[in-house]
Amino acid sequence: MERILEQIPRFFTADNMALLLQSAGLTLAMTLTGCLIGFGLAFILVFLRQTPGLWALPLRVVCITYVEVFRRIPFIVVIYLVLFFIQTVASDASLFTIAVISICIYAIAYTADIIRGGLESVPVTQTEAARAMNFGRLRTLVTVTLPQAWPVILPPAIAFAVSFIKDTALVSQIGVFELTFRGKELNNQGYSGILVFGTIAMCYFLMSFPLSMLGQYLEKRLATPRGERSARKIRRA
Amino acid sequence: MPHLAVNDLRAKYGALEVLKGVSFSMEKGQVVALVGPSGSGKSTVLRTLVGLTPVSGGSVTIHGDEIRYSNAASVRRARDQMAIVFQQYNLFQNMRIIDNVTVAPTKIKKRPKAEARADAERLLAMVGLADKLNAFPDQLSGGQQQRVAIARALALHPEILLLDEVTSALDPELVNEVLDTIRRLATEGMTMILVSHEMAFVREVADKVIFMDSGAVVEEGLPEQLFDAPKTDRAREFFGKILRH
Amino acid sequence: MDYNFQYGVVWDNFGALMEGAWLTFQLGVFAFAGGVLIGLLGASIKTYGPWPLRFLVDCYVVFITNTPALIQIYFLYFGLPELGVRWSNETCVLIGLVLNAGAYLTMILRAGFLSVRKTELEAGQTLGFSLVQQIRYIVVPHIAKTVYPALANFFIVVLVMGTSIGALIGVDDLTGQAINLSSINYRWLEYFSVVAVIYVVLTFVASIGLALLGRWAFRVRARIF
């Protein structure tokens, strides 16, 4: 206990804090990039999965299998698979790239279901009206379905991304200089584990908690029907 | 040559045959009304015409051109010629009224924006909603939404307008404003097929009434013939029940 | 890509992988069971407890669910020895996972508690049910029905995401064995692809088992896929 107290002034130096801040930035950057790309690719996956017709059956099976399989493999195993696979095909890829690809692969599997649920929440009659007016599938999605599905898709998608900030801690295992890796490093330098990992936990908390609050606020806001929202806007104006 | 000829049209939902060979034809400028009990397949006829319910047999020709519903290009052509208005209006909830009406003309028919907009404004004025251009659908009453839906369909300049129970979802006091719009289209010579339960209105505007039951046409004729002197028992029973009061 | 896949060595060590899978399964079951106990306690306090206790539970849930499980386990494994508490790596993972699962399960079970409507309890009272009978015949079946799918889903999360974290402090679970074995002969891709398949099979068996259990015990239609 005294050892911890004695270490505190040595630990909370400007240098150490700058390092932690930098690593926290990397954690956020990694999560954001991976989740954003994954989110975009998940849209493509869902679109392909909804391709009608018998000829597209293999396509649908591949899309469904992807989602089912990657939700059942631990993230750490995905990280290792990506690491060693990328290193055999492109040995000069940076660890950051490998981390982002891993996050992406995982994010696709999880957000695809969120997106599908959101799209299915839009009444079929909306797409029927579009089809009857000769809208193609993609145009229906972009101009009719998606704008109505956002309020259903965004809150859980944001919640997923926020909660994935924590899961990226596993990427420390392959040596990306993110928050957890920095913590292990400081611990190895002789700083107290309680001090180091307590501080690292606080860092994660400070990123995760406000963002999840923001997500909940957005969810409430988006849940208001459009008419009321624009009516309010009109009244305010 | 009839404007539209439907011959032995068949459709299935799974194993259930909902259209068991429907045939009728109509001339340009005519108003044809499909009437009959719920579940008789009236709405399905309209849905199959625009390719929303798959066709399992029979043929549909417009101007002697057969529509092949297995062929995407042919279905697109059919949807170019026929526009449908739904019972639940189905306006795009994410778009303002004006965008609901201009989206298909500009994006699908590639008409110039200004021209489509002027056309939409004219149509919305015709249905009495010139002051609602920038509203969202959920800010309008059911009757207003349905009139927008009619304007949206007319903006496609269809040869035939299909009206699927367009007043059934409306509160009674809103029915007339929609019927007035349809009445006006009829006097302007619009070719229309309407599915309706408003028998007085059908009698007034329809040139021909087709009575359907269990997915088949039972009897067809002039409104007066069918309503006042039906030839079949099934039609007599149906009209006797609903026209008594 | 001119990588030459050699799966022979993986089959030679398949027994070791299976031992890892067995440990993974055990860790998952115990962590989940412990988590359910904490979750029940937490959800009861949240629903019926006095405010200081409710506040404590809130703090616990908010703190645990906003920090990584890996850091929590590192804290136990690298931090606690400084206070003279020395647990084996397996104990640390198990305790860490129980605490972690407990927080999430508090939220899940709390939602279930809230789903029991007062009128149903009143109906039970008027029928002359004792408190125990009310809990046995009204509360538990109702909660089971509403939260079972979420519980089944969460078990898979613990089984997959949770247990694999242990490998990072040297636990010989399925992932741990893959790391151990592949660092001997560098067949990383082979080992990890096989391990991925084992995880998929393991969780599918678990999902099907849970769906059948739910159907049989609580008449819930849990989703397998």
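For reference, chains read A, B and C in written order, and residue numbers begin at 1 within each chain.
Definition applied: a residue touches a chain if its C-beta (ideal position, glycine included) is under 8 Å from a C-beta of that chain, and two chains touch if they have at least 3 such contacts.
The shown structure was predicted, so the numbers you read here are calculated from the model rather than taken from an experiment.
Novice: What is the shape of the graph in which nodes denote protein chains and edges denote touching chain pairs (line, ring, star, complete, other)?
Specialist: line
Novice: Closest chain to the protein's overall Cα mean, using per-chain Cα means, please.
Specialist: Central chain: A.
Novice: Which chain pair has the highest count of C-beta pairs that touch?
Specialist: Most contacting pair of chains: A-C.
Novice: Please tell me the distance, in whole Å, between the geometric centres of subunit A and subunit C computed from their C-alpha atoms.
Specialist: A distance of 21 Å separates the two centres.
Novice: CA centre of subunit A versus CA centre of subunit B: separation in Å?
Specialist: Between these chains, centre-to-centre, one finds 46 Å.
Novice: Taking the mean of the CA coordinates per chain, how far is subunit B from subunit C in Å?
Specialist: 56
Novice: How about subunit B: which of its residues touch subunit A in the complex?
Specialist: Going by the criterion above, the answer is residues 50-52, 76, 79-80, 83-84, 86, 88, 90-95, 103-104, 107-108, 136-139, 156.
Novice: Where on subunit A is subunit B touching in the complex?
Specialist: For subunit A paired with subunit B, touching residues are 125-126, 128-135, 139, 143-144, 147-148, 225-227, 230-231.
Novice: Touching subunit C in the complex: which residues of subunit A?
Specialist: Touching subunit C: residues 1, 3-4, 64, 68-69, 72-78, 80-81, 83-85, 88-89, 166-167, 169-170, 172-173, 180, 183-184, 187, 192-194, 196-198, 200-201, 204-205, 208-209, 212 of subunit A.
Novice: Can you name the residues of subunit C that touch subunit A in the complex?
Specialist: Answer in residue numbers: 1, 3, 62-63, 66-72, 74-75, 77-83, 156, 160-161, 163-165, 167-168, 175, 178-179, 188-189, 192-193, 195-196, 199-200, 203-204, 225.
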